[in-house]
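Some structures are shown below for you to check.
You will see two complexes here that share chain A, one where it goes with chain B and one where it goes with chain C.
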Partner chain A sequence: MHVVGLFAAVAIALAAVPFFGLPAFYETFLYLVFHWIVLATSWNILSGYSGYFSFGQGAFFGLGVYATATLAAHYRWPFLATLPMAAAAAAGLGLALGTVVFRVKQVRGELFALLTLAVTFVLATVILNTSIDGGPGVYLSAVSLPAIGRTPASTFYLLELGLAVATLAIAWWIARSRLGTGLFAIHDDEDVAEVLGVPTFRCKQVAFAIGCALAGAAGGIHALFVSYVTVAETFSITVPLTVVLMSVLGGTRHWAGPAVGAAVITIISYASTTGDHVLAGKAAVGVILIAVILFMPEGILGTLRPGRTRSKRQQGEVPQAVVPAGPGDQDFPRPAIQSSTTGARVLSLREVSKAFAGIKALDRVTLDVYRGEILGLLGPNGSGKSTLINVVSGYYSADAGSIVFDGQSIERWPPHRVARIGLARTYQIPRPFAHSSVLDNVVLTAMFGAPALSRRDALIEARRWLDFTGLASKANALPAELNLHQRKFLEFSRALASRPQLLLLDEVLSGLTPTEIDSAVGLIRRIRDQGTTIVLVEHLMRAVIALADRIAVLDQGSLIAEGMPDDVMAQAAVKAAYLGTAANVAG
Partner chain B sequence: MNLPSPTLLAQAILSGIFVGALYGLLGLGLSLSWGLLRQINLSHFALAFLGAYLSYQLATVGGVDPLVTLLVIAPLFFVLGAAIHGLLSRFAVTPLNSLLVTFGLTVIIESVIQWYWTADYRRLASRYADITFRAGPLFVPLPELMTFLLSVSLCVAVWATLRYTDLGKAIRAAAEDAPIAAAFGVNQRTLAALLSGVCAALAGAAGVCLALTYTLTPSQLYAWIGVVFAAVMIGGLGSALGPLFAGIVIGVSEAITMALTAPSWAPLVSFSLLIVVLLVRPGRA
Partner chain C sequence: MRLTRYAVVALLVGIMALAQQASAAPSGPPVRIGSTLALTGPLAATGQVHKLVGDIYVEQLNARNGLLGRPVEWIVKDDQSKQDLARTLYEQLITVDKVDLLLGPYATGNILAAMAVAQRYNKMLIHHTFGIPSLATYDMQFPAWSLGPDPATTFPNTVLDALAASPKPPKTIAVVTSKFPSVQFVAMGAREVAKKRGLKEVLFLDWEFGNREFGPIAARIKDANPDFVWVGAIGLEGNQLLEAMKKIDYMPAEQFYMYPAPGPMVKAPEAKNALAATIFEEHAPFLNNPGAAEFVKTFNERAAKAGLADTAVETQAAASYTAWQILEAAVTATRSLDDKVLAQWLKTHTVDTIQGKLRFNGPSNYGDDLMRVKQVQNGRWVVVWPPEAAAPGAKLMVQ
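Showing the complex of A and B:
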């Protein structure tokens, strides 16, 4: 907790500054530092944490400026009463924008940046041409400033200090909260985050609204600080770009990164404006931006952060899956009946179809999965196995048919909701969150999966599952340091930490050596023994025969066989799908 | 709202076509580097302004014909563009980071322009400036007409090169899948540097047109970014003719908006179009 103590001490010390009777210059300069700290840190809450770089900070800041200007100058509101309205207006704009934009899957990265920039110019044009501004700008010189400090400079100083402290505290808290965990996961792989249980849309909306509100409040204070606001000045391109520059410089994955960057850049620009070096200072900012992106992409704090304790063990070593050390069996839904065909249905697909641009990936598939069984799902490449997994987990929505999981119709549910009620999947090509440690990868699903644990409990839970899969020694490594086998086991750990009722395994054995396969087969068996139902998509016959209680075979999107392994493999249609018919061979 | 006379409206549409052609010319290089090199080159606008100022300098001080300055500016900018590409590819920057890096470059170039030519307004006084043709009731100023013709011919030339020559096919193949293209013998690195040089040279050409038709001040370069991005997004990334058509559509709709309401409403048209395109057809990027 020493970070909190240090932070509080600095905040209190800074709050005492106005009482030393320094020249107003110092307070005004520090006001500007705090101003940029608020703008950069509030930007970072959505854009830095989740990677959705917004170039629209000017719009939210500007809306705050004009909300206060309008309410205080035209409607004679007391200044302090306008600030919550400035924050609310900006948050409202952010929410409205997010509601539209975050629903369009492809609007990410540079498209989101451009879109938010365009919104800024639209807003500026509207304000310029309506009675909000009308062209000549708004004077606030008649608005009275509450006497919080002894002088106006002290008052602005204290107001902005308070806002900066609040902003940093919020950014710090979010980075540690469930919301922050979700945002960091969105940054690395949004699709996987959603499938693992992160309500991505809500996370982005909440983060956006909080960030916008803070920027709006900063705008409200700044309106009175400059006392004469114009559209050209308020909505200039410098605000969004400076904010991005500051955050990238300081480090966007750290709560304090933008504040460090804001302080550095404000001091540099100030030092250059006082002398005759305005242009040199401007050019220096450009040089710094280029140098930081090329040489220090993680930013100052990202680079200085103490290195993770790297695992010293050999990369090639195969972790031996051990007997589960901790996971309490009582938390698992025990299969009611062990028999493979007479158990209760945990998953029922009825006439499920899915087509891509006219190609039928799934064609009226009807399939039941019974509690406690391992169902082997077979089929040639392109037969629809992966589509089936994606449809069941909610990543694709089915064109037709019904999907019932654990008694609930889930065919219209978003993926994170399906994950919440106990459905987990692994990816054929492992898709870990690249910037999170192995441990944090697993912590995420414990927090966002069925158990919905607090971060503290999730840490304990995650360590259990790393023990279970034999990855405990790699807990602090980054996924990039793992070999393929270990990454596949990370996929297992991640899925298991969500305590699923049903686990969909997508070709977990492909690419492994025979020894690794044996260890994985042992692991899968133990997962089932814990009470988890498994659907095993696999090409490797030996493993399927060893593991599966029943087998279903897909071919060209249709279910062509279903039953006990020996019976299914003997069917002519299955042989034809796998080996080709005599006619096909001849042709 | 009082409707302007048909002549006034036709004149507005004509000037919309002219300014749209300049949007298209500015967008051409941007579209090629974004679509074919995955680099969002914000410094394209700064290069265009640098080109405009160089043209101004050569024409005003050196007494060179503005069109002839193109012969100096184009090769110079070709080298500059290849150098910028060298920097970006050396560090393998992502599209988003290319946006940030080239913004840094933009700020530096803007500072250089402002340092040498100051923030005062500059106007290139050429022998073309005052020549205006009459087509019926309409006025056709020569500088605008020259911009239009240059823009159309460059866009068509680039389009034809990409479409019909082996070089163009190789460039498109490398943009689609660089490793596979390389495996089939396409020298992707050289092509990318070449393309980047061409984009910068096109920025120089757009700069000469800017100098011919507009009064210059350094900060004005930011005013073009939004509209030209809109033209590029609407026209399609990597397309040569798309930005020209989209630019003209935007230019004309802006001109009509200005004729019907106030000039200050004009940005609403392009940016609203951009927002709609981004939301409805994000797959184009």
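Showing the complex of A and C:
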């Protein structure tokens, strides 16, 4: 509320500026500041939050410029009526582009940046070589400006102020919304985000469309502001470069970071317009910017208010959940068998196959997992265990066969949809979202997993599972500050917060000390006691025997044994698969 | 004897008065003249020329008693080659700095941005090198570049007149042009003019400004084999096309370049006999115009000292100097700094400038098209057409 109130107060105060009787220059200068705030902040909604650095902001801005210029100058549309069209045209281009590139996993990072830059050149070429411009530029002197303010300068000022306020409000809202949470997760690890339930494609599309629309609207206003638009000036490479620089300077993970960067750069850029030493002034500005970026790599706001501090503030609003949490069990008594093949099937695989470049990673695997059990999934390295988890969780699509989870065929579902119906997984090597706090890592799955909680409820849920796993005291830490044991438990917390029916644990015990293993085994047992079905992929035979109700063994992609642990381990095929590791089996 | 005494006294008084006038320093509050220039950014090379010319003119002006006996202060800001910044800075010059008079920025886009601001505040705007007269719709803007109101028609006629008077008048033409606004529209006009004059167009093509691949363009021209090539080139595009044609051992019989970078082109061996547009060159009869010789000498020295790539006075420097001459003439004649008074005087009078007599009573306040045709001859630019503007003894050379 403090932010909202302060934001509203500043917006109202700025709206009153035209009534102070100041020289028009100040309104025009502030217009330029707002203009860059809109361009930088709108860029940041996709590129800053999700890490998809776009160099195409000039294209969306330029499309807005030419949409307004064409409609107003050639078709005599009222200026204000052109602005929604400018926004829609830019958003449409963004959506069309995103529909293609966001589906391709290879188009990330620098490839995405280059592709968006290429779109700018293509668009400029199209506009230059068609009747939209054709070469001479478009002059808007005949376009009348609506009298929103007392003077034309006031009108431009108020229009751009309104757009800047709307842009910042949208950026602020997104940063706190489900969409923003998903985008921040995409920034750190898109694959994991998808598997944990984030509809990554939709998140990127929505963010891109919103950002493009805002840039297009800014272009529409700017067309009349400069009154003469040319392709060379409009689609100049300096637009995207400036926008990126502003955002990085201010801090891309903060909703207001790009606005701060835009204001700083616009002001210092203006400061070097007078005097006889403009070149020296510009060089000094460049040196200052380099120094700031070198010594403040997270940007101004990122440095002043890092993620941990932000999480702590948010956390302060959250009621503390009271969940009894015990230490890990100190021994491994064999569990009483709580379920067996007589229970309800929660997961059924039938003839599931998956091959990579002709090598069969899974070969007609048929397997059932029953509600409430712990199924140990064993096999030597390369036997297909991790592939099986990836296929079941939707990360890989099966080449053949069917996968039924909770009565639904999921073999063609995207990972986030699988996660939403209660199927969660952990990673052998923990893959937390590096720039989010421990708490925020867990909050995400509560929001995007099966319960689909609001952020406020997700915070309560996340606290609960951090208590459960003993990580409550680390809630505000960044993942990098955790040891391996704690990061493994963070994986547990994250998976549990999605309230899974079935939890796929991929070698969660590897790399842990004996004491830590004891703790983890106790935790797994308590998870199952809460009613969660578990598939446990593990090399540590001692723990598997202690935990598993049943065991399935894979070898070279095929299921070679399935049944009670003692029976399975006694089978000759299993022993053969584990030849040379008999000592471990004996345990 | 008595008469002689009076005569001596009168003579002494006269000499003292003249001496006093000659050494009078301007006094009082300065007349403040505001403008922006592209001192940094992509247009900076030309912006620096205008800055140097302005500095020279203000020094000369203050040395001859300023304007209305008051010193002249030139407030020049760097618009960084950006239209939106140019617009903002003109708003600052008018509403914050409260300058008395305005001079335009460089180039066409920035001038239009400044023109809109001037119009909003009813300020007169004299500008240097505005390339598209039809866009200059404000009635208190005055061009220092004497293109005439319809250069797309008048100037191609001037060029084709020159060629028609040559020993080998062309019968076929190729028009190739950059899609840079101020050269493209003249190239399109050249097509129309050539058609009306009976020349057969054997090739037309255009390229995007910023193009660096001129090989295919050169090959197309060679294939078309025109008698004359009109090249709508700006800046270094002309040199790039010449180099591309040289690589394929081709040289058109006659070739014209609209606004080439004058220094690099005159130094290129392959540019021999190339034609281009100009309003001023460093030879008679231009040097006979008021203030021209002194300005050329000073500019050559100061440009060399400032390290400018090209120290010669041609279109840009001449238009810049002309703008100041127009301003001074109007203020001196009206003894006023009122924009409307000055504008009204300019519309009804001619001004003697280093490029000739300028008038502003035509469409968009444009007067005569004083564009000339110059040619690279013996490693220097010389005006060859029209005859009254040609360098002494110079004639159009053909291949």
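Heads up, the rule we're going with is that the second predicted complex is superposed on the first by the 526 of 587 C-alpha atoms of A that agree within 3 Å, B and C clash if a C-alpha of one lies under 4 Å from a C-alpha of the other, contacts with A are read in each partner's own complex, and residues count from 1 in each chain.
To be clear about the criterion, contacts are C-beta pairs under 8 Å (C-beta built on N, C-alpha and C of every residue); 3 or more make two chains touch, one makes a residue touch a chain.
Please read all numbers here as calculations on a predicted model, not as lab measurements.
Trainee: Could you say whether A:L289 touches chain B, chain C, both of them, or neither, answering first, second, both or neither?
Mentor: First partner only, chain B.
Trainee: Applying the touch criterion given at the start, work out whether A:L279 contacts chain B, chain C, both or neither, answering first, second, both or neither.
Mentor: Both chain B and chain C are touched by A:L279.
Trainee: Name the contact category of A:H35: first (chain B only), second (chain C only), both, or neither.
Mentor: second
Trainee: So, A:P152: does it touch chain B (first), chain C (second), both, or neither?
Mentor: Only chain C; A:P152 stays clear of chain B.
Trainee: May I ask you to decide whether A:H222 touches chain B, chain C, both, or neither, giving the answer as first, second, both or neither?
Mentor: A:H222 sits against chain C, while chain B stays out of touch.
Trainee: Who does A:T230 touch here: chain B (first), chain C (second), both, or neither?
Mentor: In the superposition, A:T230 contacts chain C only.
Trainee: Who does A:L439 touch here: chain B (first), chain C (second), both, or neither?
Mentor: neither
Trainee: So, does A:F25 touch the first partner chain B, the second partner chain C, both, or neither?
Mentor: In the superposition, A:F25 contacts chain C only.
Trainee: So, does A:V101 touch the first partner chain B, the second partner chain C, both, or neither?
Mentor: first
Trainee: Once the complexes are superposed, what residues of chain A are shared between the chain B interface and the chain C interface?
Mentor: Residues 125, 128-129, 135, 279, 282, which sit in both footprints.
Trainee: Could you list, by residue number, the parts of chain B that touch chain A in their complex?
Mentor: Residues 40, 87, 91, 93, 95-97, 99-101, 103-108, 110-112, 114-115, 222, 225-226, 229-230, 233, 262, 264-265, 267-268, 271-272, 274-275, 278-279, 282-283, 285 of chain B touch chain A in their complex.
Trainee: Spell out the part of chain C that touches chain A in their complex, as residue ranges.
Mentor: 36, 39-40, 77-80, 83-85, 87-89, 91-92, 94-96, 108-109, 112-113, 116, 120, 132, 135, 137, 179-181, 184-185, 206, 208-210
Trainee: Provide the residue numbers of chain A that touch chain C in the complex, in ascending order.
Mentor: That would be residues 23-26, 28-29, 31-32, 35, 125, 128-129, 134-137, 139, 141, 151-153, 222, 225-228, 230-233, 269-270, 272-274, 278-279, 282 of chain A.
Trainee: Can you check the complex and tell me which residues of chain A touch chain B?
Mentor: My answer: residues 53, 100-101, 104, 106-107, 109-111, 113-115, 117-119, 121-122, 124-126, 128-129, 135, 236-237, 241, 244-245, 248, 279-280, 282-283, 285-290, 293-294, 297.
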